[in-house]
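So that you can tell them apart, the chains are marked A, B, C and D in the order they are listed, and the count of residues begins at 1 in each.
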């Protein structure tokens, strides 16, 4: 079970709501993924403007926890402002701190992310910062009191998967709060690998919404995350340089 | 559906029967994996000696197709002899040609593998050769009339996963017979990746039998192979060097 | 030519002085490497205590620029104190800010590194911070006015080489100050790759001092860094998925 | 020193002569590379037709050993025919067996390569087959009596570098004849890595001729191969998962 602050979830897949080809596909993908946490950009949603149609109307939002993000913010102050706007809707207490420090790579700004996390924690939010895979930065965010950390596997939307599994593993090993791998996952095997490293969850958007068949990919990702988690729990064999016969030369149980 | 010669299978996981801690674990792992094809070494099994107890007695072998392998053979002639022994049991027409050319790496001998495959095809076997990831060698094996090819991901039992995905992808692209990735798979993400590359199946043994919890790992692998296959069918996003926001700046479907 | 603040160097190799098997080997390795910048830990050197013998006496320090580091410091204040001690010797104005935030991985603390860099710049030091490969953190350090940045390729002494070449490339692309790849380089090919990515220099220690033949490895590294730099300037061919014959089928210049 | 059959060479770089922008650049690149072995396609050269101008006239061919290849051959017989044509010129006894089995990947045909090598050895050639990185195939070629083996790092002209260093290392470990890494090298770091793995030499063409500045790249490659070889001889540090301080906390030689 994934626990974030006071909340508990069966599913370890967090799904973004952006860039689906149409509402119907989005709805089916969300349902088939079995996600319980939907993420979206506060700035780009009409969710908090009652006179506007919006995509979340299509979904039964009582079934989902909402995790709005502060995308578009460049400073801690802007992020806090966005978070307050989200909370004012009465729909969510969680906030994903997303403060981009480089428009080309969409990589996060560590200084503003730290500041925003601190400010939001003081205001009582459940804070999940999107961060680079900097190991000590992750530790700093945990020390502030963040409820989870969300290191990127590779740049947002790049589909490059986990470039540095070592950093990710270390972030996971050192922390006692959930680690949710965010950004860069491109395929089911990427998602499975994140879970095998010991991640508590995976956040996806483009990998599903941008697939040729988003609904089928949503199912694939659901299974991959379950597979990776089970693989982590089951304890994989060590990697060896040389070969080992799967059929023993002696012993009772042969094959 | 996986089709090998005249046979059809729902499951794309082929499971080896060697090196489990005990019969009970083996039996549960086999059942939970939902495999339909069991592989084993003819030379190391008592299956064909009726007065000996053997592990396949524990399993309902009518539920499974048996894929004996010729492990232990160093020449085509030895492999053929082993295959005939297996067929004489009346239990199987499939044979996995496994002729090791290097004891340290357990990598296959291309010359003897080609010769054995040719000889076995003439004798009417359903022939699945274990081969390196040499692209043209795979083509040659297909030209002989082999019913599937089984390129290794990395050395047997090494758990290193897919070292050269490019060769694997090319073998898959060029062939019209099933490609079953054999040897070296260590984790669910490895298995998922093989399937995402377009493999028709994955053969596992040590990754399951050598896991701390083989039964749980069997379930993980089952899900991973399904996830990878679905991911392949769903059409993954391309890998990009630079980032792409998952939230568009314009357009109706925002998130 | 490598320019750091007001200083210019022909060599792009910065060499650490720790952990050589003996003084003679250290001296020869330093000479053969053709380095012009020697790094060392202020805390662990007797260089600034005149009544103690020390390794730099063995070298003609007028030939070298000294780059002391603040290893051992856990806070900005401690780093500043160490830097002042180094400068008080009158031998150096450069300081490598090294503030470790995790004893297991020896990865740097971004917050204290930023603080220390700011304080040291105010005191007029030539400041070269050791940092993770966080792209936006590197940008922040440049904005402070640092004279170079020293991202790690992988953990100190691990010999794992460049785990994330993408981050390194982005740090290099975005910056107008020298980028010196520090930590984790294990082999000449690692050093060459750093330079091919566009790095301005490479700092080595364990890869040379820990080699079986440190003097020979020093020569290897010197050549590798020159090779990588020339390769960067020469403009490498693009990577292609498919093959391209080196012999054209038409055209005047055939081969 | 690199020894191939009865021949000895100071340089470990073998350079292809195809696809340079002009004769002058080709000539300079060859000279600056310090290569002693030039390779070229017999079929695409006019070298053996006296009334035609050809590129080797521009070079002092007495300074170089010539290594013609059989590119264009699809069968052993065609390769033998090409090799005889080359030898009839009186300029060379070495032949690189190059029999492509796949036009898209330009990967070699193991069956025809084995056959051609055997036939050419019987005719007294010094035989260097271009092969995949199949470990047992390389062993087979050595057993035939080949004078060197030339496994590809990745597809010809792809610049992808060494995809499977493990196979390459095993080919090198098992053999007592020279291993020359051929095809796929894109950058100086790739060439250095091949040498660090223990290769006896590297054959390059596109990586030099296709660089923006081929002459500068030729120098870079020369240095990289020297660096890699020295690194191999010097004995690199092991790769470690965790960090190791370069500055010891105790001991006489500190830094």
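The criterion applied here is as follows: a contact is a pair of C-beta atoms (placed from the backbone, for glycine too) under 8 Å apart; a residue touches a chain by one contact, two chains touch by 3 or more.
Predicted, not measured: the structure shown is a model, and the values here were computed from it.
When the partners of subunit A are compared with those of subunit B, no chain appears in both lists. Farthest from subunit A, judged by the mean position of CA atoms in each chain, is D.
With each centre defined as the average position of its C-alpha atoms, the distance from subunit C to subunit D rounds to 33 Å.
With each centre defined as the average position of its C-alpha atoms, the distance from subunit B to subunit C rounds to 46 Å.
The mean-CA centres of subunit B and subunit D are about 34 angstrom from one another, to the nearest whole unit. Under the contact definition stated at the top, the residues of subunit A that touch 2 or more other chains are 104-105, 107, 155, 160, 166, 241. Viewed as a contact network, the protein chains form a single closed ring in which every chain touches exactly two others. The touching residues of subunit A, counted against subunit C in their complex, run 101-102, 104-105, 107-111, 114, 132, 134-137, 139-140, 154-155, 160, 163-164, 166-167, 170, 174.
Against subunit A, the residues of subunit B that register as touching in their complex are 16-23, 26, 39-41, 44-45, 55, 71, 104-107, 155-161, 186-190, 192-193, 196, 205-207, 209-214, 216-217, 219-224, 226-228, 230-231, 233-249, 253-255.
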